[in-house]
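The letters A, B, C and D name the chains in turn, as written, and every chain counts its residues from 1.
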Amino acid sequence: MRVKYFAWVRERIGKAEETLEPPAEVRTVDDLIGWLAARGETYAHAFEKPKVIRAAIDHAHVKPDAMIAGAREIAFFPPMTGG
Amino acid sequence: MRVKYFAWVRERIGKAEETLEPPAEVRTVDDLIGWLAARGETYAHAFEKPKVIRAAIDHAHVKPDAMIAGAREIAFFPPMTGG
Amino acid sequence: MTVAATIRIQDADFDVAQEIAALTKGRTDIGAVVSFTGICRGSEKGEPIAALTLEHYPEMAEAEIRRHADEALSRWPLQGLAVIHRFGRIAPGENIVLVVTASPHRRAAFEAAEFLMDYLKTNAPFWKREEGVHGTGWIEASDHDDAAAARWTKS
Amino acid sequence: MTVAATIRIQDADFDVAQEIAALTKGRTDIGAVVSFTGICRGSEKGEPIAALTLEHYPEMAEAEIRRHADEALSRWPLQGLAVIHRFGRIAPGENIVLVVTASPHRRAAFEAAEFLMDYLKTNAPFWKREEGVHGTGWIEASDHDDAAAARWTKS
């Protein structure tokens, strides 16, 4: 699946997007955050406060317990500050 | 005192303003409406439903029990429909 | 900072963009601008109308609008405020009234504009007469408008 | 009558008057038009800023705004609706966002515009980075904005 990062999540990880294939036991958005945070220091820094991280699957906001099976694109970002 | 009429109050009375000297026992706006209504058919028609008539003394809205002593200009009109 | 409201009562049309620019031009402290434009509709209660004619009480209208504008300035942190109300004959599609509010924050700009419109509808000395297909007549005041204005009364 | 919302995400500035005209021109059924313009302020929490840079999620932003625009169209009797959100670098005094609503009645136009702004602030995938005197940083989301958006949730 394609994973995208925005704002300071993107800056901390150091890339805007990547293609990843998490293992089968990574089932929810929350699982994915945990799996990403274990990938290295930059990821650990980006996801150090999982509660503030927002996620979208295929361009729609989702909650941390949303299932990721079948997702083509998952995005992680801080709370939005548009408008 | 100068008395002004607007909208259908003006149309029913047939004039936009006049100068009147009501007798001393006409003390409130309500008294003045009663006194005016007794001046003739056109006035009776204009003031046939005193409750819908609004009044202003010297360019400020007032209630029917407002005293008219000292007023330079009193206006009568229907509920406003601006905006 | 003291803010003076711009209030104009005129038969000429107005330009929304020009009024917004007058409040905001050259400033970098304004975060939110709300404009409300009231427009003459081509029908009232399902009946077509050819035009409205707005009668007003000139000596009172500006004082009354200024009183409410000053109340808005005291209740909300506004940086600019303009109210323009037209009188005379106005055809369907033409502008009737404009309120513009500027504030650091959007909520204040929205609330102050809505407050002013509710009060203009019920307290500003203007009366609308419509030219319909069956002759002319005065538009009646609306209970909805009275209720809308009552929302802003402090208890 | 089906109303389609105009939604644009662009780096260019917009013209409020032109967007209002696009919704109202040639029509005689609109009674009320509300515009909201969000402007870049020259300071944040007392600290001067040189500019904002808005990052966004292009594939999601239009879909997310359209979802809320469609909700507004279903909740209020609107005759026209436009939302324009800029991205990129924006200097103090420049426009950031515009919402325009048109309705037969003022209350609907006000409420729909405020609803959309509250949702844009909290749900549209845009992030503001400020260039301050001590470097740059991301603006933090506001609890006030979350509370404002929550007002519109149907219970």
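Simple rule for what comes next: contacts are C-beta pairs under 8 Å (C-beta built on N, C-alpha and C of every residue); 3 or more make two chains touch, one makes a residue touch a chain.
Since we're looking at a predicted model, the values are computed, not measured.
Annotation of chain B and chain D: jointly contacted by C, touch as defined at the top. Look past chain C and you find the other chains held together by touch in these sets: A, D | B.
Centroid to centroid, with C-alpha atoms defining each point, chain C and chain D lie 23 Å apart. Centre-to-centre separation between chain A and chain B, using Cα means, comes to 72 Å.
Note on chain placement: the centre of chain B and the centre of chain C lie 26 Å apart, centres being C-alpha means.
For chain D, residues that reach two or more other chains under the stated contact definition are 38, 117. Shared interface positions of chain A, defined as residues touching 2 or more other chains, are absent. Two chains count as a pair here when they touch; such pairs are A-D, B-C, C-D. Considering their complex, residues 38, 54-57, 59-60, 63-64, 85, 96-97, 117, 120-129, 138-142, 145 of chain D touch chain A. On the side of chain A, the complex with chain D involves touching residues 4, 6-8, 56, 59-61, 73, 75, 77-83.
Chain C contributes residues 15-17, 20, 24, 26-43, 92-93, 104, 106-107, 109-110, 113-114, 117, 148 to its touches with chain D in the complex.
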